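You will see two complexes here that share chain A, one where it goes with chain B and one where it goes with chain C.
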Partner chain A sequence: MNFSIEKFSATRRLVLQGTGAVALFGLGGLAAPPARAAANDKYPEEAFKLKTDKDAIQALYGRTAEASDKVKLDAPEIAENGAVVPISVTTTLENVTSISFLVTGNPNALAASYAIPEGTVPGVANRLKMQQTSNVIAIVDAGGKLYSATKEVKVTVGGCGG
Partner chain B sequence: MASTIRVRAIANGDTTEVQALIQHPMDSGFVKDAQGAVIPAHFIQQLSFEHNGKRVFLADWGPAVAKDPYVKFAFKGAAKGDELKISWVDNKGASDSTTAKIQ
Partner chain C sequence: MPIRRRDFLKLSGAAALLPWPRLSRAADVASLYDLPRFGNARILHMTDTHAQLKPVYFREPSVNIGIGAMAGQPPHLVAKAFLARFGISPDSAEAYAFTCVDFEKSAPRFGRLGGFAHLKTLIDRLRGDVGEKGAMLLDGGDLWQGTGQANEAHGADMVEAANLLGIEAMTGHWEFTYGEAALRDNLARFKGEFLAQNVFLTEEAAFNDAKAFDPASGRVFKPAMIKEIGGHRVAVIGQAFPYVPIAHPKRFTPDWTFGIHDAELQKLVQGMRDYDRVDAVILLSHNGMDVDLKLASRVTGIDIILGGHTHDAVPQPIPVKNAAGTTLVTNAGSNGKFLGVLDLELAKGKVGGVRYRLLPVFSELLKPDPAMATLIERTREPHGAWFDKIATSDRLLYRRGNFSGPMDQLICDALRSGLDAEIALSPGFRWGTTALSGDALTMEDVLAETAVTYPETYVQGMTGADIKAVLEDVCDNLFNPDPYYQQGGDMVRTGGLSYACTPTESTGRRISELRLDDGAPLEANKRYKVAGWASVNAQAGKPVWDVLANYLRSGKAAPTRGSGVTLKGVDGNPGIAQPT
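Presenting the complex of A and B:
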């Protein structure tokens, strides 16, 4: 029901992007698949499987991020329970299209990635799992550039190993 | 069946703040049960919010999102009484959806 609608719109988006690519490059060759999962509605399965934050950011956005004080990452200094760590981000940057969270100490760094359509306030609060004390990175894609904020969270009880 | 999705959407002027809480195990695939067998990964992959047919928020989640996930965001352009449609799908293909009235 719902998911079929999701799928449909995702497919339509792909088709539209494909058409765009064809228009751009003339009709020569096949339309290349959209390069970056972050730019469309498809679930970025591969990015979630990568181990390091660098690889995941590269897979998700195809670029590297620069640290910015305009990205405000709010996370606890010490998380008593790594299974539930409240983390949120807000930003004063404009034209934000995507916000992602990465936890460097987890088996797979990427934790969550959010699409921010036009008209949606660039800010998200959620709860993540953390296996061990490590850095939490928030990535904000604003106007085609990547900005990041990093904070270390100390974990007393890990949330991944049971 | 009761919905797995609990949503509160409150309009304040032009901005609507949305909080959602979903019941889901969000198993990471790294945890073992009492017998030492690995509990297979089972987690929500995508969570979507739509207002008047327009998507206002899309979450792509991995297994590192905490059990019974919570998310909060805000968007502009909705009014009290409007409907907000929420749906999720997990890595096993299960899904759920609900519609909430903006208060």
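Presenting the complex of A and C:
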């Protein structure tokens, strides 16, 4: 039955996405044999402590990113709930080893970083907590270069719709 | 009404540049509604009627500012700038219908607009002109909310009216504020389709197997339908209001997530073009006009967007170029005042020609349909007590406008007086009818300004900084230079608080010079007693309609005053009416 297959895959997707706003670094590492995990597969404690997106990217990758339309960042224009903002990234770039999310308006900009094992479809969906209206930046490390996509997500007190 | 009919006759000669045939000098003034045949498919579009079953007065705005790329462009034109842009003679019935120009003078001459019995007569006539197989009737949403009786019945009365009117498809906005159970009850009785491509189950709801039209995509409702009209296949895609859980309490729609979703829309359009072989694609949208104009520049393959939400009565479609062609964008006003008539010349796989008219529904010119009149009377019958006079209006009372209107001043005054607060806040809704000076005001009128499913008032302490933050937040919903970040609606109204607004400034920097009624500056760290209603958080105070009715009954309404808002940086903007 189509129906049950669809339901199964929807459930599976949910499990893969994880829940909550915590950083899920190392999730990819769990799915792959330890030998093939990325070299930077250590919890990046320092990067998560830094305030600004620039510093966090530098600490995480030691490089700067260039904007690319091959990084597809899907985020709402206006968040329905700033505490759980659904944000996802897919990319057509090849040899992706890492995908990270930064929220420029949060006290600590780096929100999540994922190691992408070789042979994995480079797509990540997660939910981020946002303190205020700000840019969300997705970083993709592909073939040794950093690429980014940015979108403003508005966090509003709501009300007063026509 | 012989005098008013004479007014229509006399004015017809001056209406040379109308986008529809000039009113006839002959005896039959109703020739306004005689449209020459055009094309092979007729799509009738109504939107944002806000459940106004009876004809209404509704004054169009004198302030509707557009900034950035939107400055001076439709729909951000008012009064004379609007008339000039669309070639409407100032002293005409159309000027009265479409603008605020000479409203008080014209209202008694041309009478009320809309009313479902009058709409029914007009719709049947326009359908009859082309034959049953050549026409379709669509509603853009905000059909079920806006009156006391619709609120009490959760819109059930409007479903009956919609069925009798023959609405074949609709989308929604305020419909969602009745909650899922009431919405589904209504849809079970609705004979048309409820279309929404942009409403999805939340992940939690999907995990728990909540009901969805399509569990694979998570779409809660059918996204689109195809109807054969005039021998051609027309796709209609529904686009619900994208910001329901933000503009309204989330508790009404806990399982659903909204948004614009133009990538999903693009896939849908492409699929219908490639696989369903449709000849035309229509988007029935409740995005609001600015959002639709941007969407039309990004999504390809849509022929026409029939728009609503922002209540903009725009007489002509606005063409928008995109990567694959041109999309026409319309917006069809509110409160049943207008009926959009889209005549299409359809050919295999394409629209060969388009004629659009936005017809004002002059109740004086249309004989009410007896069956609809009976239905309306039957639904009103249980509410007899609402039709008794509780006060007489001593001024023109209207709501619509970016910042303020006398009706909302009255509500703010009632809140401050009734709840003993220094400051009042009242939402900038765009629905709510207009009362003329000298009109009797009834509970029905009070409810027409206040009937929502979260009417509870509140009184709370807020610091000056909190208050400014609220004003900035709402102001950004109105004046963000990117329409995708706007929610529609107007600025929150204030009582006991004046301020200056610079719409062209950036987020958080538009509001300044906040002062209390006595002229004292609002202090950031001081707490003030603030009253309000329609909060997105649950409140327990008495419904605002009782507060307003009590204030009106007291006969002590404060005299009318200025808006309390000083505008900066928008001098000469044609979205502001110039003094005559």
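The rule we apply is simple: the second predicted complex is superposed on the first by the 117 of 162 C-alpha atoms of A that agree within 3 Å, B and C clash if a C-alpha of one lies under 4 Å from a C-alpha of the other, contacts with A are read in each partner's own complex, and residues count from 1 in each chain.
One rule holds for everything that comes next: a residue touches a chain if its C-beta (ideal position, glycine included) is under 8 Å from a C-beta of that chain, and two chains touch if they have at least 3 such contacts.
Keep in mind that what you see is a predicted model, and the values were worked out from it rather than measured.
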Partner chain(s) touched by A:150 [first = chain B, second = chain C, both, neither]: neither
Partner chain(s) touched by A:88 [first = chain B, second = chain C, both, neither]: first
First, second, both or neither for A:116, with chain B first and chain C second: first
Which partner, chain B or chain C, touches more chain A residues: B
Which superposed partner A:133 touches (first chain B, second chain C, both, neither): second
First, second, both or neither for A:58, with chain B first and chain C second: neither
Touching partner for A:107 - first (chain B), second (chain C), both, neither: first
Footprint overlap on chain A, where chain B in one structure and chain C in the other make contact: 3, 6, 159-162
Chain B residues within the chain A interface of the complex: 15, 26, 28, 30-32, 45-46, 48, 54-67, 69-77, 87, 89, 93, 95, 97
Complex contact set, residues of chain A against chain C: 3, 6-7, 10-11, 14, 17, 74, 76-81, 86, 133, 152, 154, 156-162
Interfacial residue positions of chain C with respect to chain A in the complex: 173, 203, 206-207, 209, 215-216, 218, 241, 243-248, 250, 257-260, 263, 288, 309-311, 427-431, 469-470, 473-474, 476-477, 480, 482, 484-485, 487-490, 492, 507, 534-536
Residue ranges of chain A touching chain B (in the complex, touch as defined): 1-3, 6, 9, 37, 41, 43-44, 48, 83-85, 88, 103, 106-108, 110-117, 119-121, 123-131, 159-162
